[in-house]
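As written, the chain order gives the labels A, B and C, with residue 1 at the start of each chain.
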């Protein structure tokens, strides 16, 4: 669905009930299913990845293969802030974040995390703001490959900087035992992020901004010829998506604890392409699509990892091919087409 | 980095070494780029798995060497294996991408690349491999500059293959059919050329070229399962700089890229060489697009 | 009356072909001017040149007394110069209604205003314009699913929604149901009289353009062949030759 028709954005009782139900499920899940907590956290972060990709790729038509750039920037900047507030980052990485030397108490950990998340958003957004004018003038598949290059180059560059751990990567701070279940904290942070992301994008797409993005996607030259502020809209969309990707990356880094420059932070061939797959699977260019796609993807990924161990990456590669070739409209797109066909039959 | 630049300034022989090494590997890049341009020009598909085809060719050579086969035999074997793979991939996947959105073909071929990477990693392990050719080196300037004979052999073979491909496209009936479809697919179809077969032939031919290039490359340079993407990016860069259909441009651009990489690898350090390649891609695209924007156009 | 649009020796070459050869014409403010000529005479190229689709090789284009030949299309559009295309260009995957709501200009407003919603006045205007072109019941459909004629009408409605100072129309009646053409022309005349909308119209339909325009220019082989009142141009032997000779 493209920008929703104005006037349908009221909070009627049905809508409120739906939102309430989602909230309730979200809040209660880790308490009911503690064994799946980390997968659920990962799912929430994937939802943010997919939504953020879709804002620029699905709604605006600029299909980026290098959004991992912002994920990685957020991940590293947050870790640097979390560590750097209390210790020398270089020394920390030389010692591979040794547990006994570099201890973080509860307040240090929490303050570090909080400031780290903010720094992640700012750093990622700033990166997008600086690169946007250069790269958003490029269109179509050239943009796709250019961003692919950016994402991978960033990973290679990061792997060459010893200060942040170089090729051996970096550990996020050890959560103190006195904090309790850090996983639960990360879960609720991820939940808040996913909700904030969905709400923000729902709002954005209900304004004229959403119309401008769709217009750029459908015919950028026409949009320019109608006087729409395309350049600024493109940069704005990229910066907004980047900020969310950065925060999600920072949370992801704290969840997996170990940040490898090319496998975790700037993982072009995994997370980078997964977010595209998720948006496509659910239905790109819609608000619900990336969310549905992320859920489906996460389930599929868990199934592959469990039953196809050893060949799971191959299976995911095959899934990418199958979805791209046979199912590019995704579930929401397929449902729309079916409902339209049923409308046409007398 | 400054230190390395000073070394270069003080020891010009080193510069000569880097230049020669760059040109020698440039031939491999040119061959891979030629294949990518062929597929792009005929089917309008960008094959993101191009580099993986090259790597696979290299691993076929590794396999042949491990089983005692004479080295140069590995090249036609790799070409044949990759031709078959290319044909299979075309029937399964690529044929469905013809005429569709470029994003879909980039994504689908990226998927193929991922599958091939993982298969190679599982079959051959994730480390570097190289085939020992047993050839020595020539030395110039009192031993300051060493030219590995195998690299010259690879260079020469790549040139021969490239020339052979050009002759094939100009003279043979299949080659002419390919060129006809590239220029005017509808007219070609009307004249009775089965465009689907031509597309398939082109893709399989490209795979074979990459396989041969990879088999040759493996004799002189280390290959590994995840080294494909950088080859894809190199090919893409060369095609963008040279322009589709400009064979001479491909050769020049490939040589230039080889030399630039060679120097960058020394000045910036080997760990930054890949970053340089991908970073250069971004620079090339941004600059090329800028040039077009002056004419109110953009890269298509 | 001052010229709203003034072209002086506008020249554009594509390789060896001179598509526009030193064309000079002017469109007075509030006028309806026609541009005719056989196929390939350079009319659409001229529109492209005026709206900045490419840089011109020589000459000047002045709109509201400002030189616009060096400006980007986006900025020319913001100055109040909008055009439609021979093959209608609309936003295919957006609904008809969304197409309309994406069309008002943001001329005076700052970028931040893009984060606001459309006003009731704009929504009413969209409804009114869609009604007028007969697409009101297609509001919720994707614009890409409309027929050629319907898309042309949508494109015109979108252009009017933009409330430009001047509209360049490229064959606005081609593909339109003849029953609708007269009411379309009425609407254009009304917009011209009441809103002061200046029009430059490329047309092949002679009765339409002769009845609509006050002044007509004729192009042939990239050059300006004739310019004058509809009666004068129609009778000009050079114009008759150009059309008959083009066969």
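Here is the rule we go by: a residue touches a chain if its C-beta (ideal position, glycine included) is under 8 Å from a C-beta of that chain, and two chains touch if they have at least 3 such contacts.
All values reported here derive from a predicted model rather than from experimental measurement.
Novice: So if I look at the partners of chain A and the partners of chain C, which chains show up in both lists?
Specialist: Both chain A and chain C are touched by B, going by the contact rule given at the top.
Novice: Taking all protein C-alpha atoms shown, work out their mean, then name the chain whose own C-alpha mean is nearest to it.
Specialist: Taking the mean of all protein C-alpha atoms as reference, the closest chain is A.
Novice: Going by average Cα coordinates, which chain is farthest removed from chain B?
Specialist: When every chain centre is compared against chain B, the largest gap points to C.
Novice: Averaging over Cα atoms per chain, report the distance between chain A and chain C in Å.
Specialist: Their C-alpha centroids are separated by 43 Å.
Novice: Any idea how many Å lie between the Cα centroids of chain A and chain B?
Specialist: 33
Novice: Can you compute the centre-to-centre distance for chain B and chain C, using the mean CA position of each chain? Integer Å is fine.
Specialist: 48
Novice: Multi-chain contacts in chain C: which residues touch at least two other chains?
Specialist: 72-73, in rising order.
Novice: Touching residues of chain A toward chain C in the complex: what are they?
Specialist: Going by the criterion above, the answer is residues 2-3, 5-7, 204, 206-209, 211-212, 214-215, 217-219, 221-233, 236, 285.
Novice: Under the stated contact criterion, what part of chain B meets chain A in this complex?
Specialist: 46, 93, 96-97, 101-104, 106-108, 110-115, 117-119, 122, 229, 233, 236, 240, 269, 271-272, 274-275, 278-279, 281-282, 285-286, 289-290, 293, 298-300
Novice: In the complex of these two chains, what residues of chain B are touching chain C?
Specialist: 294-297
Novice: Under the stated contact criterion, what part of chain A meets chain B in this complex?
Specialist: 63, 65, 134-135, 137-142, 144-146, 148-150, 152-153, 156-157, 159-160, 167, 268-269, 273, 276, 280, 310-311, 313-314, 316-321, 324-326, 328
Novice: Which chain C residues qualify as touching chain B in the complex?
Specialist: Going through chain C, the ones touching chain B are 52-55, 72-73.
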